[in-house]
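In structure tokens below, several structures.
After this come two complexes, each holding chain A, first together with chain B and then together with chain C.
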Partner chain A sequence: MQFFQPATWVEALETKAAHPEAVPIAGGTDVMVELNLDHNRPPAFIDLTRIGELTEWGMEDGLLRVGAGVTYTRLVDELGDRLPALAIASRTVGSPQIRNRGTVGGNLGTASPAGDALPPLLACDAQVELASTSGARRVPVREFFTGPKRNAMKKDELIAAYWVASAPGPQQFAKVGTRNAMVIAVCSFALALDPTRRIAGTGIGSAGPTPLRATEADEFIAGELDWANHTRPSEATLARFGELVAAAAKPIDDVRGTADYRRHALAVMARRCLSWCWN
Partner chain B sequence: MVLELRIETTVNGGRRVVEDVWEGESLLHVLRERFGLYGSKNACEQGECGSCSVYLDGALVCACLVLGGQANGRSVVTVEGLDGDRVQQSFVEAGAVQCGFCTPGLVVATHDLLHRVPHPTEEQIREALAGNVCRCTGYAKIIDAVNLAARR
Partner chain C sequence: MKVGESVRRPDGQAKVHGSFVYSSDLHVDGMLWGATVRSPHPHARILSIEAAAARAMPGVHAVLTHADVPGEKLYGLEIADQPVLAIDEVNYWGEAVALVAADHPEQARRAAAAVKVEYEVLPPVTRAEDGRVLRHVKIRHGDQSAHAEVVVRGDYEIGMQDQAPLGPESGLAIPDGAGGVDLHIATQWLHVDQQQLASILALPREKVRLTMAGIGGAFGSREDLSMQAHACLLAIRTGSPVKIAYSRPESFVGHVHRHPGTLVYEHGADRDGKLVYVKARILLDGGAYASSSTAVIANATCFSCGPYLMPNATIDGIVVYTNNPPCGAMRGFGSVQNCYAHEAQMDKLAAALGMDPVELRIKNALKTGDRLITGQIIDGPVPVAELLRRVRAFPEPAGDGLMPGGYSNTTHGEGVKRGVGYAAGFKNIGYSEGFDDYSTARVRLFVHEGRPRVEVHSAAAEVGQGVVMVQAQIAGSVLGVNDVVVLNADTGVGSAGSSSASRQTYITGGAVQAAAEAVRARVIELGESELGGELPVGNEAALATLLGDAVIEETREFRPRATHHLDPETGQSDAHMQFAFAAHRAIVDVDTELGLVKVVELTTAQDVGKAINPLAVEGQLEGGAAQGLGLAVMEEIQLKDGVIRNASFTDYLLPTMLDMPPVKMDILELGDPNSPYGLKGVGEPPTISSGPAIVAAIRAATGREIDRVPVRPHDLTL
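Now for the complex of A and B:
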């Protein structure tokens, strides 16, 4: 096993190009579990924790560019006002110990359907910035997940950052689990509303092979909401929104819950998130 | 650049060096098996139990989830570094210790909480300690201990 500790982003990209099988590690909250339990013993690690720019965020070209290495703790502390759904989701990740280390870059790299940060990124139409020695490209999060724990990254690429609009309107996130902390989601849901453009975005977690967007629900609620006067949606509208979100899920029965339960819970969470956002 | 399996780090204020470390070794393993610091407990090895909680450059982390090499050049404080602290004494006095296995992790996590929030509410205590599992006490005495430490 080899351990690389690049000091710069350029050096990290060169290392990945030379060692495409090397596994990048930042907070280690996924990678170390695989290693400690001997589920996976990669030939090499690339430690990304020495690269300062991965831990920076700021506004560029009218969007927030958040470095892949910004921890969940920092998202809660520093970006709660700009990225409320992502910050709410971040607060449900693991424990303080996990939030101090875990990063959204890692969540994207692992690409688990249960990754807590992923439904908010879907709902907000974020883009993932991937980089290699050949250059950088941006992939819409909607196209990033290609299967369970699979994503659109090439072997020589690393995740540099994600790009997302500072919230133009209300956002919410909800998650079902057996505890308020330290749980992998049975299922989760994120909602982002943009009153200026009159559009809605959704994200479904842990109820399909990948995180999913409920496109029909997006379109339905964008047409139904009283964007001008901000009156509360009717019970029928809330119920229909929940039904459409549940219908967009592709859940299975597993140890954490049944497919039927997940659909039911998603409809409930969707109604709640919408009524919290638009009250 | 390939590290020559050498880790140089500051542990509890003192410089520590270890050579010939396996690249896949966790910081927890380095602390216990290379440095003989057995206070940080090895239990779940997946960040679920909090028994290996330490400070890494001032941030509360699970040592089992830090790759040894990642601690190179960093500063680590373990429960041994908090010896004699008010938190430790409060756990003893409140009877927050039964088998004691989770106690070092809880002491470090409580120390971190009180540094951030000197007078936490019960909800803040429960959220801050959510990553530290105790299978003996039922947590009531642990919360008493945190409150006792906060009053000191």
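Now for the complex of A and C:
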């Protein structure tokens, strides 16, 4: 097993180009579990923790560009006001030790349907910046997940950053787990509202082969909400929104919960998140 | 260092700092690593084992199968029915089939994967209803055709809980070059391991020496052999030290679990709420091998009615063999499963009678001199009613403000309802049914650097419960000496019995007390001859002068009062030695729309007889309640067709800091007239009634009938 420690981003991309089977590692909170449980023995690792620019964030072209290596702890501490749904989701990740190490880049790379950061990125219409020695490209998160633990990355690409608008309106995230901390989502839900453009975005976690967007629910609620006067949506509207979110899920029965419960819980969370966003 | 003082444990700081040496940290130069080939089927015939390819791999020193076991090929705590390595059939998923020793753990695992076992897959028996009966305990007490004015019935289901000790099974076997072996092992009972190993290895006992290694919890999981025989077989075969350390997934198949069960109960009472009868059928799934199932089912049956006076009882307790993972000892030992049922029944009865559930319990609470359903007259303090009154009297808390779901932001108060529930439970302390219960302790007194020092040596396994400090405190109290050293436990001294059944403080404590008193008597004798009758005990300087170069050593065995077999047809007998009681109140907030639970508070009252080390007692009451909470709301080994689906701490969930509330406790010291210092075993009662109180509180919050634990979100919503 080879272990590369590139000092610069360029060197990291060159290493990845030369060793396309090499697995990038930052916080290691997914990679090390796979390794320790003997699920995966990749021929090589590329340690990205020496590359400072991966841990930076700032405004560019009117959007936030957040380095793939920014930890969950820093998202909570530094970006809670600009990316509230992502920050709430980050607070639910693992334990303090895991949040100090884990990164959204890793969540995107693993592309698990249970990745806590992924529903907020979907709801916010974020873009993933992928890079290789031949250049960089941006892929909308909506198109990034191609199957269970599969994504749109090419063999020679690394995740550089993600791009997302500083919250133009209220956002919420909720996650059901069977204990009160350190739990993989039974299912999760994110909601982002943009009152200026009068659109809504949703994200569903752990209730399908990939993180999902509830497109019908987005369109329904964008049309129903009283953007001008901000009156409260009716109970019927909240309930219908919940139903549409539940209908968009493609859950299964597994050790964490049943498909029926996941649909039920998504409807409840969707209703609650919408009422919190709107009040 | 006196009895009754709160003394800190000697290994606490090292554990917090990460410097404590656990059995998985053991190392000697040149040691090999063992790995285990395990069955991928819950039931299959072994057609062939092809090991040549594995043997030929570089760094591989041995591959062993059942044919390489020199002595008895079967072992077991009660019944020798479990193969050291599978012979011609595998009976559960993960059963050990072959062993590998290699230079490196990774190479050992790869070689294990290279051992080709050909199986003919057989249909597994995975429902207890279809299992073969291992033991059927019958209790026929009082009028077998009793009728009552008010009758409630219930069917209850208990999931399979894991002991989940944080330290997985591990140890190091070192061959002595003369045909014998030294095993460094984290276990609950050195001598029963030694006895089984001598039989498996076909060696006299003195050639199999065991030394206690640093343990990361046990809770019953280390009563049976796991890797002990495997490491010794490999070490003797290769002539090299061999270490085996299980991973967490392997640990899930490497030890027995708490029996899952189905319990069918019918309670009858008169209009005033006086209990008239219980009819119950308790069916526990023992899994593939017997382990301690025969004793667990006896407990489940004997304590099936809870700590209440029950004039008439018809109880059938049945444990069966299946092709599920073997089940055996876990904290509470049969009294946990039945407590969920009898306490749910008491609440149902209270509802049917229109009575307060605590008042109903108090009205029927066992008292000193009452007759149990096994016919035994219960002596000593029996403060069941008092314990219930005390937990009820605590003021109800506001909670820490954390909603169900914790920081997962699932509710801002929507759907949240509070519930309060009560439960009481009891069980036996020490061994029952005529099993010879004893412990051995050696106490030595001498002068060290001008001061008297006491050395205590026993084979009592420190499993985290604090038996090291208990021994030091008792010896220090008897001899009035502050410098007390407790030697590491090993088989160089007689058996202490197991660290289980909440018995070690009582039995080994009793042995240490007896040995220390024998030393004290000799000091007094010495004082009479040297000092004309002066007693230097308590005066360290005078004692040191008196002792001079003398070393006074005494070894004593201690036995509590004897117990007797259960009558096979009626279950009537004085089968138990001591009984311990606890009660819990639980307060929960439930998100009734999402089915998420936050236990806001647990309150307990328990009679411990005498707290030898109050700090350690508090630790037992808190830790035991946490394990009870786990089974109530999250801990379950999930099986599908005999295969464990969640063999990791990612999916086998244990309570975290945010799940476990503070435990308020009222510790009573009522003094048992029969025991050393009046103490009672304390380790298990906290695990018995804590969970049932939580489930009662969830019922109160949701209004739902909950007949299964752990309670899952979909049980509360769909």
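We take it that the second predicted complex is superposed on the first by the 279 of 279 C-alpha atoms of A that agree within 3 Å, B and C clash if a C-alpha of one lies under 4 Å from a C-alpha of the other, contacts with A are read in each partner's own complex, and residues count from 1 in each chain.
Just so it is clear, contacts are C-beta pairs under 8 Å (C-beta built on N, C-alpha and C of every residue); 3 or more make two chains touch, one makes a residue touch a chain.
Just so we're clear, the structure is a prediction, and the values are computed from it rather than from any experiment.
**Q** Now for A:88: first (chain B), second (chain C), both, or neither, which partner does it touch?
**A** Only chain C is touched by A:88; chain B is not.
**Q** Between chain B (first) and chain C (second), which does A:17 come into contact with in this model arrangement: first, second, both, or neither?
**A** neither
**Q** Should A:29 be classified as contacting the first partner (chain B), the second (chain C), both, or neither?
**A** So A:29 only meets chain B here.
**Q** If we overlay the two complexes on their shared chain A, which of chain B and chain C does A:37 touch? Say first, second, both or neither.
**A** both
**Q** Now for A:174: first (chain B), second (chain C), both, or neither, which partner does it touch?
**A** A:174: touches chain C, not chain B.
**Q** Which partner does A:257 reach: the first (chain B), the second (chain C), both, or neither?
**A** A:257 contacts chain C only, not chain B.
**Q** Is A:49 touching the first partner chain B, the second partner chain C, both, or neither of them?
**A** After superposition on chain A, A:49 lies in contact with chain B alone.
**Q** Thinking of the overlay built on chain A, is A:182 touched by chain B (first), by chain C (second), by both, or by neither?
**A** After superposition on chain A, A:182 lies in contact with both partners, chain B and chain C.
**Q** Tell me which partner A:272 touches in the superposition: chain B (first), chain C (second), both or neither.
**A** It touches chain C, and chain B stays clear.
**Q** Across the two complexes, what residues of chain A are contacted by chain B and by chain C?
**A** After superposing on chain A, chain A residues 33, 36-37, 95, 179-182 contact both chain B and chain C.
**Q** Given the complex with chain B, which residues does chain A contribute to the contact?
**A** 1-7, 11, 25, 27-29, 31-33, 35-37, 41, 44-45, 47, 49, 73, 94-98, 100-101, 179-182
**Q** Please give the residue numbers of chain B that touch chain A in the complex, ascending.
**A** 1-3, 5, 22-24, 26, 45-48, 50, 53, 59-62, 64-67, 69-70, 72, 109, 112, 127-128, 130-132
**Q** If you look only at chain C, which of its residues touch chain A in the complex?
**A** Of all residues in chain C, those touching chain A are 109, 247, 249, 402, 404-412, 414-415, 593-596, 598, 633-634, 638, 645-646, 648, 650-651, 653, 655-659, 712-714, 717-718.
**Q** Under the touch definition given earlier, write down the residues of chain A that touch chain C in their complex.
**A** 33, 36-38, 88, 91-92, 95, 172-184, 186, 255-258, 260-261, 264-265, 268-269, 272, 276
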